[in-house]
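Quick one: structure below, then a few questions.
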Amino acid sequence: MDEIKISKAILETNNKKLIGSLDVDVAIAGAGPAGMCCGYYLAKKGKRVAIFERKLSVGGGMWGGGIMFNEIVVQEKAKAILDEFGVRARLYEKGYYMADSIEAVSTICSKTVRTGVKIFNLMSAEDVMIRKNKICGLVLNWTAVEMAKLHVDPITMSAKFVVDATGHAAEIAHLAERKSGLRLKTKTGKLVGEGSMWAEVAEDMIVKNSKEVAPGLYVCGMCANAVFGGPRMGPIFGGMLLSGKKVAEDLLKRL
Amino acid sequence: MDEIKISKAILETNNKKLIGSLDVDVAIAGAGPAGMCCGYYLAKKGKRVAIFERKLSVGGGMWGGGIMFNEIVVQEKAKAILDEFGVRARLYEKGYYMADSIEAVSTICSKTVRTGVKIFNLMSAEDVMIRKNKICGLVLNWTAVEMAKLHVDPITMSAKFVVDATGHAAEIAHLAERKSGLRLKTKTGKLVGEGSMWAEVAEDMIVKNSKEVAPGLYVCGMCANAVFGGPRMGPIFGGMLLSGKKVAEDLLKRL
Amino acid sequence: MDEIKISKAILETNNKKLIGSLDVDVAIAGAGPAGMCCGYYLAKKGKRVAIFERKLSVGGGMWGGGIMFNEIVVQEKAKAILDEFGVRARLYEKGYYMADSIEAVSTICSKTVRTGVKIFNLMSAEDVMIRKNKICGLVLNWTAVEMAKLHVDPITMSAKFVVDATGHAAEIAHLAERKSGLRLKTKTGKLVGEGSMWAEVAEDMIVKNSKEVAPGLYVCGMCANAVFGGPRMGPIFGGMLLSGKKVAEDLLKRL
Amino acid sequence: MDEIKISKAILETNNKKLIGSLDVDVAIAGAGPAGMCCGYYLAKKGKRVAIFERKLSVGGGMWGGGIMFNEIVVQEKAKAILDEFGVRARLYEKGYYMADSIEAVSTICSKTVRTGVKIFNLMSAEDVMIRKNKICGLVLNWTAVEMAKLHVDPITMSAKFVVDATGHAAEIAHLAERKSGLRLKTKTGKLVGEGSMWAEVAEDMIVKNSKEVAPGLYVCGMCANAVFGGPRMGPIFGGMLLSGKKVAEDLLKRL
Amino acid sequence: MDEIKISKAILETNNKKLIGSLDVDVAIAGAGPAGMCCGYYLAKKGKRVAIFERKLSVGGGMWGGGIMFNEIVVQEKAKAILDEFGVRARLYEKGYYMADSIEAVSTICSKTVRTGVKIFNLMSAEDVMIRKNKICGLVLNWTAVEMAKLHVDPITMSAKFVVDATGHAAEIAHLAERKSGLRLKTKTGKLVGEGSMWAEVAEDMIVKNSKEVAPGLYVCGMCANAVFGGPRMGPIFGGMLLSGKKVAEDLLKRL
Amino acid sequence: MDEIKISKAILETNNKKLIGSLDVDVAIAGAGPAGMCCGYYLAKKGKRVAIFERKLSVGGGMWGGGIMFNEIVVQEKAKAILDEFGVRARLYEKGYYMADSIEAVSTICSKTVRTGVKIFNLMSAEDVMIRKNKICGLVLNWTAVEMAKLHVDPITMSAKFVVDATGHAAEIAHLAERKSGLRLKTKTGKLVGEGSMWAEVAEDMIVKNSKEVAPGLYVCGMCANAVFGGPRMGPIFGGMLLSGKKVAEDLLKRL
Amino acid sequence: MDEIKISKAILETNNKKLIGSLDVDVAIAGAGPAGMCCGYYLAKKGKRVAIFERKLSVGGGMWGGGIMFNEIVVQEKAKAILDEFGVRARLYEKGYYMADSIEAVSTICSKTVRTGVKIFNLMSAEDVMIRKNKICGLVLNWTAVEMAKLHVDPITMSAKFVVDATGHAAEIAHLAERKSGLRLKTKTGKLVGEGSMWAEVAEDMIVKNSKEVAPGLYVCGMCANAVFGGPRMGPIFGGMLLSGKKVAEDLLKRL
Amino acid sequence: MDEIKISKAILETNNKKLIGSLDVDVAIAGAGPAGMCCGYYLAKKGKRVAIFERKLSVGGGMWGGGIMFNEIVVQEKAKAILDEFGVRARLYEKGYYMADSIEAVSTICSKTVRTGVKIFNLMSAEDVMIRKNKICGLVLNWTAVEMAKLHVDPITMSAKFVVDATGHAAEIAHLAERKSGLRLKTKTGKLVGEGSMWAEVAEDMIVKNSKEVAPGLYVCGMCANAVFGGPRMGPIFGGMLLSGKKVAEDLLKRL
């Protein structure tokens, strides 16, 4: 009977994929552009990477462009990353490239998965795992469990490093601050919070802020500015991609 | 000042893209796998195609695989379409291929957009345009307007043909039945509604049912079975892709 | 690392249990007293039985007794079933036994599971599987998917017989009527709906109505009266248990 | 085809209007009586003014008069402003004039727009733009995006001065305090919050408090008392109008 | 004490206004462009008119232009009405005029009220009054009572004629059909419902459909097409204004 | 220990009261003015009466007067009932008496209870009990159970006669029509539904319609017009009181 | 025409009542047992009293007895107050009297209103009026305005003294603390908050705590313990009544 | 008449059970695995125990296993407790036992109730009773009252000792900290809050933390770690059971 075979195929294949990702090199929370870009550069070098995404779909705020007009802007120095992924960028004015936001997010995702990153959607971290004062894993549950307000326990997965790429929410950094008792590597020891918009400065700082914020925990994308206190950006995505790449490069030195 | 240039770039570029899509060859409602596949084969032949997607992201139910286990099954005869898009399919058992659902949806979308299809997300049709008893356009609004329950008027776009690819909801066919006074080309003249699950039969019927349901209006994907009364399917997506391709081929003969 | 072993143990054990239940003798929808009682008597004779329960916990309305006063009444002829399960029944007056509702539901559940019935909670049927005009399986999804209004496909399981024990809702019978095109074996060919309360008559009719309502589909518990049109009952549970046992006995003759 | 021409006309005209307002002399948040009055006196002197209003309609709480009885009271010294706008005021008792609240709000709005102020409704500020410690623009998004809880990026517009006329909420002043790190020019350096009702005092203080609260940011209307700590008022609107006029006069000296 | 005088002034003035409107020549439900236009032309000829508007603000869907782009289109033959109200119309292309939607709605409202129409906002009709098979009044309540789901009785007002200008909802016509037992003067004797968008035809039909639908009850604006079955329109408002004027002219002959 | 004595006192006293009301002469659903008035005249003659009220407080819509202005009007012929209860009525104009709505509802309730009627608030009927085609009891549950959407069984109480005094909702008549299979004594055999407002006629008809609608089931108050099809009333309460008294008188002849 | 006369009668009568209560001796917020008892003893001595009650009905938590079992307990020393109001109290055990909670609340309300207290239901205070550091009035709005989240201004009324009888919420005391800048006469200068249940002590303290908490503002009922920090009580209502009486007696000395 | 006998039987039996539990040896809040285990070992030694459970069903988060896969893990040293209850445990790997989560929770509950523990579901504590600085009882209400947001007073019950077994929420400990003014026996005197997941450590600490936290108040289960600050656990339940047993043993020494 066909349906049963289909059911079995899915249960078996997915279970194998999930068990195979219970212990990886890098666990990334959030499949936005920064998280996927980070995962891509790690997988390209053969690292085992799992991304856990809270929503049904990946891409975060990239789909909507600016105020639902689905175009994004990318600056000169991130143009090369778009090229690497195969996203078409049109010159708007010197230093400013336009890309279709739907093309951008789908193409980045497609390349990331095909390079070997495992993305688990509809899952989110409700806690971190800590051993010897080092963050070494995520405590996961179905997002639907939280949305439906059910009382169900999570499971745990381990990783050599964890990357928080959950954007403004900085979910993992918040968990680390609130539950672990660890002092964050910020000027206050706590999350600083993100500042008012200043695209030019934000794009620079986001790359500088993309680093280790607690032993074993890196931040990238808007999460980096939310944690270390840089300004926010608008619908300009170059810094996001550069930030993801930067964390990947830092991690490759330690893996 | 940079931010203003970014704002202006997005407003201008998107406005040009939207005005450029007010009059196309084919307007497709719904950017699920069937709708995108249909758009892809049309654009590949140089047709002007616009897809309007209600949600922030494309892909419909494909992201979640079966019961949130993000793997899908595709049967033998649709394998070629996955190959065409560049989605990797692993043999599970003779006749059954597995694909990562996130890879599938992002790769199909990426290729579709890069082939020239314009996708407008966060927009949905609240009515159809009818002239001389033929459906020849969509009446569009922001989905956010409906979600926020605001009282705001829509705009209209025209197309030589309209394709309903909105899945179980069959949104455009419902509008046509309820508002146009047109008799649908089904056995009852009305929407028949979809039957209980029977993957094997459904996969065949969905292709047969992918056709014109009212002058100017085609249906594809699960919408086809919802309108003509075939059984529903589970997380097996071959019929979806074949259905989208079939409608594209039919339309190419008339364009 | 312990947590990972715990995660793996749960993923593996549950996956095996679920795959092992994709093809059973009897699939029961609803783990209320009637459904569990039916499952118990089937499993006692070695049949493979899976119960799918929409809620996090089993037991349905039995926990709350009458108007939240957690005591239930059982009449003389169902006393023997309580004894079989090990539920203590105190004589209130000739013909009327009282039981603590929490003791009743937990004890019936405990014995049912320990007799070999597999109960899958947080899962509900969104469709039935039909072949050759016979209902032969359920199309299942996580309840949380529906509660969170996510767009995710279901999976399918097959069974020689399906039992609808979903109480007043008569979920499976409704699906069968609405989606299968099958004529139900009621006086109208459709669901009749349940009548006003009349405990004495209801308790008799519920046993008579516990039978096959469409090829392959049996009903038991309050669902039987909802489908065939008997009166409803109050916090008196003898008929429920007798109904579940009756369907089990009927099915044992055909398995 | 007519509908398409209508769609195109609206897209083009509005896009030009919005792009033309990305860089203005004064950006006002909130189209209540104070904000519109301020905009009117600025536009009368030829300044370029854009008002961004969160709601579908302008006017804030003025429509409802007192406890939904749609009449308002205006004191002697604001009578001249009503006359300027063309709102009819009836003498109730020496020093107290009555006006129909619907006449008042619609007439003020009509005159304001016809004098050259651009009002953008359904848009709200989610951040401010800061350069060299001076507030010099607003970060805008559709209100519907926020209401529908969509994850979509904003755009930015610049202005020589920004006026917060968002009433009790003091939205822009809150953003400035929370995100900019700027010390407000109040006695505490922070928002003081509004005091209990005392119409007589409030009406005086609101004019005194209508001034610059941070470099580049002015407050007017109830926002002024909320920020600097004056008492609140009831359905008496003279102070509101005088406050808007006062800020306009102050700004005219600096533009 | 000032506040008490303000309270008293509002209570007295509004009470007098409301009691004065309990018996008028024409009661209009809905203060959208059609209802206000109708009221304006009646009041201009000295008729006593009261408009009851469900929302806090008047104007209905006119504020939002098309898809939140606040511009509207008006055709040639309605240009004179805009001129009469003092709304500036810019020529877009032969036969097509553009107006700022906020200017349009506020200016029409301002002129309407100043011409003598009483508008009561936050009130809606929950029933009609019928005597001798003629509709001769409205049964009113605060909208807030309905929104807060409070159980509070309405009051009644009488009018020589009632006009339904509630747009798509056709609230009064629905009440008349459902509660009065009167046969509507449509082809079916019931509400026909509005058809798909066709601006050109709709603009013509809306004027023809603006007439008496039951003894004492007229319809105008989109309500006219909803009741008699014409197509819907988009963000083009000429027909609305002409419709309101037409009903006013018809009523003037009977008053 | 005092608190325990208080708890015990309440549990014992209330349990005795509730058990004592499981079998009464007349059970009334709804403690609005009509239901309480009916109960009062029955209890005055020594009948055992229990009223079950869905809400926390009694009185229904009487508290709010007309549009939240808490005054009610009573006509001449019901003046005597107000006098009987001790509610002060002021002459407004010949034939029209005014009463404070709060005084009216509290005084009627106070007298009703002190005359011996038992009122159980927060309880509502979810079904009726039928024997030999006669309605002879109510199936009750806590309203909170329904509000909290809990799955808990009801209990049953019996009465020689049942009175539906649930107002517009006509809850018991609906249950009787939907669940009992009984033909109602109306012109259609079903609930007719209430007509448009016409106070004068409504006040007369409500008394005529206050009678037996099915064997054992009487209707009074607005419920009578909802069931038999009379017009609705506004904030005029004479008919309500006369209706309740009429049903009491009819029942006294049969008890 | 009758309906119009009814409407006019209600509008006129209520407006007169409300205007007549804009300036009273004592304004009480909250029509629970303590507030009504306080009002009763003041009105009995000829003082002008207005009570403003947030809900549609008066009585607060008294209707529900203990855990919805509608009986209350009253101790010996408050028995005389029940007698004064005419509420029947049955001896349960020495020192403990039982009363039907519905009889209690309706009878107290009836007597209170008939003694001359004006109760305005569906109105709540959103602010206090302060002059010369003394609370001398309430700022009122319809509760429905708040429930429907409408933006509508309040009106103001003045009183020689204000009594907060809003129970656990202590609404007026909170407003006084938060908005007036006044230091409360508690040990901390702020609201202390209520302690754990201890009926015996609570009943004593509630009377002691029933006093002036800020110039012009008295507290009574549970509000007194919430403000000064006494323990809470259960379904024992003697202290409530004694508290209301005590504040009335204190105020009578100053009026 | 049968239904009435059934109603009476339930009212009488439950009332006796509840009154009989108003004064017990140990009152436990929360019928999760720890609370039930604690109750079981106390009842086994003849102590009078009442458990109050907020939800309709017992068992807390145990039903859902890990991420809705209904299997749980138990370590070696808790295996004996499973054996005592009769729950089947399968060896997964040395030191790790698997149990079906539904079998576990129903079997533990069944045995607990049959050993003499009274469980009252749908009731929750909204306060504690304190005498002489010792917690000596719970203030209870129906959960439905809170869910339906009704204003209804609670009742009180007394116990020699109270156990908080409400899991992460630590409901009773929170009430004790917030309302009693008692200093908790933790390092900070307040609730510490639970740390990040570390199953191994958590399982040890939970037993150590299961002790008296304030005079008369014990904590067990996850509540113990939430109060004293240990790490959280995942779907491993040995510590829970050992914790419940430990508190029972400690209490037996003092009873």
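Chains: A, B, C, D, E, F, G and H, in written order; residue numbering restarts at 1 for each.
One rule holds in what follows: a contact is a pair of C-beta atoms (placed from the backbone, for glycine too) under 8 Å apart; a residue touches a chain by one contact, two chains touch by 3 or more.
Note that the coordinates shown come from a computational prediction; the quantities given were computed from them, not determined experimentally.
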item	value
Option reproducing the contacts of A-H, where over half of them reappear, out of C-H, A-D or A-B	A-D
Of all other chains, the one whose Cα centre sits farthest from chain D	C
Selected pair, greater C-beta contact count between F-H and C-H	C-H
For chain D paired with chain H, centre-to-centre distance based on mean C-alpha positions, whole Å	56
Mean-CA-position distance for chain G and chain E (Å)	44
Between chain A and chain E, centroid-to-centroid distance (C-alpha), Å	52
Where chain D and chain E are represented by their mean Cα positions, the distance between them in whole Å	29
Junction residues of chain A, two or more chains touched	3, 6-7, 10-11, 15, 56, 63-68, 122, 129, 142, 144-145, 150-152, 155-156, 197-199, 234-235
Contact pairs between chains, per stated definition	A-B, A-C, A-D, A-H, B-C, B-D, B-E, C-F, C-H, D-E, D-G, E-F, E-G, F-G, F-H, G-H
Chain H partner contacts - residues on chain F that touch it in the complex	1, 3-4, 6-8, 10-12, 15, 18-19, 22-23, 56, 122, 129, 131, 137, 142-145, 147-148, 150-152, 155-158
Chain B partner contacts - residues on chain C that touch it in the complex	127-131, 139-142, 145, 150-156, 175, 179-181
Of chain G, residues touching chain H in the complex	60-61, 64-68, 194-199, 232, 234-235
Chain A contact footprint on chain B (complex, rising order)	2-3, 5-7, 9-11, 13-15, 17, 56-59, 63-73, 86, 88, 92-93, 96, 98, 100, 102-103, 105-107, 109-110, 113-114, 119-122, 142, 144, 197-200, 234-236
